[in-house]
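Have a look at these structures, which come just after this line.
Common to both upcoming complexes is chain A, partnered first by chain B, then by chain C.
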Partner chain A sequence: MKRYLRIFYLFMKYSFMVKMEYRMDFLFNSLVGIGWPLISLISFEVIFKQTSTLAGWTKNEVLILYGVFMIINVLWYTLFFENLNNIPELIRSGKMDYILLLPLSSQFILSLRSIFLSTISNIFISIIILVFSVINSPGTFSLLNYLLGFLLIVNGLVIIYSIMLIVITSSFWFIRFQAFGTVYLTMTEGARYPVTLFKNPFQFIFTYIIPLGIIFTLPAKTIVKNISFPEVAIAFLIGLILFVVSHKIFYIGIRNYNSASG
Partner chain B sequence: MNKYFLVIRNTWYEITTYRLNFIMWRFRTVLQLLTIYFLWTIIIPSGSQIFGYTQPQILTYILLSPFITALVFATRTQEIGANINDGDLSVYLLRPINYFFYWFARDTGDKVMNMTFSIIELSVLYFLLRPPIIIQTNFMLYVLFAIVIILAVILQFIIGAFLGLIGFWSPEIWAPRFIYFILRDFLAGLIFPIDIFPRVFRMVMEFLPFQYLLYFPLKIYLGQISIPVILRGASIMIFWILLLGFLLYLVWKKGLKEYSAVGR
Partner chain C sequence: MYKKLKFFLIAFFQELVEYRGDVLVYTATSFVLPVILMQVWIAVFEARNGNTQQQSYIISYFYIQTLVNVLVGAWHGPFLSRRIREGEISQNLLKPFPYIFYWICQNLSEKIWKVLLSLPLIGILFIFYHKYISILSITALLFFLISIIFALCINFLIEYIIALSSFWFSNTQALLEFNEMLFFVTSGRLFPLTFLSALIPLKFINLLPYKYIISFPIEILLNNLSVYDLLNGIASQLLWIMLLYFTYRILWIRGLKVYGGYGG
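Right, the complex of A and B next:
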């Protein structure tokens, strides 16, 4: 375990060194990281000038949801997106062989070898928005709310990672996969707003089929509204199941690759 | 003319080859539309008028947006950057085809493909959601709408090509394009019509080209602006087309001078 942490730290350090070489790029990404939340905040201002609640959520609660959404979103892009996105290319170019030969968990390497810190400015803003909104919330909340909320955020990230891992594993068979980024964007399209915004059948789809409700709405709800223990328990269960299942499917993909290329 | 038609057709074929990519893209567009649609049905419940819009008006605005987006925004100009950096530009310069007309033809292929799907999607959504929409009856407005759309297509193309030419000076044109697209979507009135914003903001937007790409045509269709205002808007569009077109020409000439084909 300690070994993996150390290597993860090295991945981070080297990625940072490489990224800093392209300073302009870093700057641009940081600007995007600030500009984007800004536009969203303006949008929320406009919406809430008109109506005091949105699908049963007050402005403050929506901002908390937004903070949760952004944090999970940015963590996905920072840690996992590019790494998983490059897997088809590694397969195509044959470099996958070298990675598979390394004496370390292939899934770990393939998922975390590059950390994209340039979008990190977004996280700071999101955390600020989150903390600020939480402080502004009426009512008192116990430490349990915050702790569970935090764990649910991590859980949400795990669910997204697992689903996307299953998606990209298909490239072990199909080789080309250009729409990976779009798949993620499509999946999380409705995540910005509470799941209750959508009318059925879409609300059903976003709660049970693509579990946006569990990934995004639930942590926010837990932080600022009530804790629903059955829902929280189910959320963790789903997270665990998906993680294990995606891990298995991923290794089926690797085994298939091994036997194909010899 | 024949060769440009072939370019359009080839772009079609390219898209059908990368089918998954395209389908995912359309899927995402539909989801975006649904999200915004539901959002607005809550902000403006039926029967009320908010921000100066009734529910039918805003829903028509929202539902017509993807179609206009497919028509005006769909582009291939993102490939110009790689084209220049890979040295493929030399090949195109040698061909008996105008570089910009070539890309415009490619854009047209992309637009036709996206529009076709947009029409199908909107038809299906109409039957699923049964939204209260407004059908414009004034023929003159349709004519003006069409003219303004053509201007918008040209304007957006020039901007897109301009951003592509950054490839002469930078290996990666992704970042400035990305920033532009995020800004543009918001400033063109994609989620929120421009006239719900404060006066100062609106006045500034009037002189910028963005709102004329989407918001302006939509307002014409809804019949919410008068003829003199339409003509004024069209003049501002033409001004921007000429200005940016000229800048494009200058940048093109400068870029070519600095261009040294690597490995060809």
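Right, the complex of A and C next:
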């Protein structure tokens, strides 16, 4: 375990060194990264000029949900997206063989090889928005709210990672997969808004099929509204199950790849 | 000239038969955001005890937007800028027609595919939401089509011009993304521009061309415009097309000089 942490630290250090060589690009991307949160804030302003609550959520609470959404979103892009997105290319170019030969967990390497820090500016903005909204909220939150909320955010990230891992594993069979980023964007399009806002069939889809409710709405709800222990427990359970299942499916993909090229 | 155009259109069309999976994915996903926004705004007006007229307006707005999005779409920005940067356009410069025709044909033929694939989705949406959508008039439809053609020209030229900056800069990615952000807020994609006037003064938005790409055609079809606004808008679209076209010509000629200077 310590070994993996040390290697992860090295991955981070080298990615940072490489990115810093292109300082102008890094600066540009950071500035551009401020744009999208700004746009979302504008859209929330427009919405809340028309109404004071949205499906029972006040503007402040919606901003907390947005903060949660951004944190998970940014962490996905920073840690996992590019790495998983490159897997089809690695397969096509044959470099996958070398990675599979390394004496480390292939899933670990393939998922965390590079850390993409250019999107990191978004996280600062998200945290600022989150902190501001929490300060502005009436009512007090106990430590349990914060702790569970934090754990549910991590859980949400794990669920996203597991689902996307299953999606990209299909490239072991189909090889071409250009729309990976689009899949993620489409999946999480409805994530900025509380899940209760949607009518059926969307609410059903976003609660049970693509569990946006558990990934995004639940952590925010836990922080700013009431804690519903059954829901929290189910969320962690689903996170665990999806992680294990995605792990197994991934290794089925690797075994299939090995036998095909062998 | 027409023979060459026809040749290209058919060639691109056939190429896209191979990639029809990709085109299907992109078409379907472009529907997701407007439909979700539709849901959001329905919920907004529900909280206000259903002002049915405004609710009807907003649902019709996003319903039409799905079609408009498909019709005015342009996506050549990253590809063209990469071609310029990597010097791949040299061979195309020798051909006996303007290089921009290549991209126009690519756009039109992929567009035909996208429209065909969108029709069932639009039909499904109509089944679910028809009670909200108001009836249109024939004259509005005519002006709608004209404004769509102009809107496509504007969108196409803007992205083309930004891609041309690759002759001088290497980071067109950031410019393209900045363009997309500005487009998102000021064109009427995120929300109808009639809701924005309180925050950002409409005068500022009217300075930018983006309003004429999405919001203006939709408002025509929704019969929301007076005759004055309608003609004013169409004239403004034409003005923008002329301005953008001249900018394109200047940048193209200047750019080729820089390009040739590198021995490309």
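The rule is short, and it goes like this: the second predicted complex is superposed on the first by the 262 of 262 C-alpha atoms of A that agree within 3 Å, B and C clash if a C-alpha of one lies under 4 Å from a C-alpha of the other, contacts with A are read in each partner's own complex, and residues count from 1 in each chain.
Everything that follows uses one rule, which is that a contact is a pair of C-beta atoms (placed from the backbone, for glycine too) under 8 Å apart; a residue touches a chain by one contact, two chains touch by 3 or more.
Quick caveat: nothing in here was measured; it's all calculated off a predicted structure.
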When chain B and chain C are modelled together on chain A, clash or fit: clash
Touched partner set for A:S52, first chain B, second chain C, both or neither: second
Contacts of A:F202 with chain B and chain C, given as first, second, both or neither: both
Partner chain(s) touched by A:T186 [first = chain B, second = chain C, both, neither]: both
First (chain B), second (chain C), both or neither touched by A:I39: both
First, second, both or neither for A:F229, with chain B first and chain C second: neither
Set intersection of chain A contacts, chain C complex versus chain B complex: 24-25, 28-29, 31-32, 35-36, 39, 43, 46-47, 50-51, 54-55, 178-179, 182, 185-186, 189-190, 193, 197-199, 202
Residues of chain C touching chain A in the complex: 22, 25-26, 29, 32-33, 36, 39-45, 47-48, 171, 174, 177-178, 181, 184-185, 190-191, 195-196, 198-200
Chain C partner contacts - residues on chain A that touch it in the complex: 24-25, 28-29, 31-32, 35-36, 39, 42-43, 45-47, 49-55, 178-179, 182, 185-186, 189-190, 193, 197-199, 202
Sites on chain A touched by chain B in the complex: 24-25, 28-29, 31-32, 35-36, 39, 43, 46-47, 50-51, 54-55, 177-179, 182-183, 185-186, 189-190, 192-193, 197-199, 202
Residue numbers on chain B that touch chain A, as the complex places them: 18, 20-21, 23-25, 27-28, 31-32, 34-35, 38-39, 42-44, 50-51, 170, 172, 175-176, 178-179, 182-183, 186, 191-192, 196-197
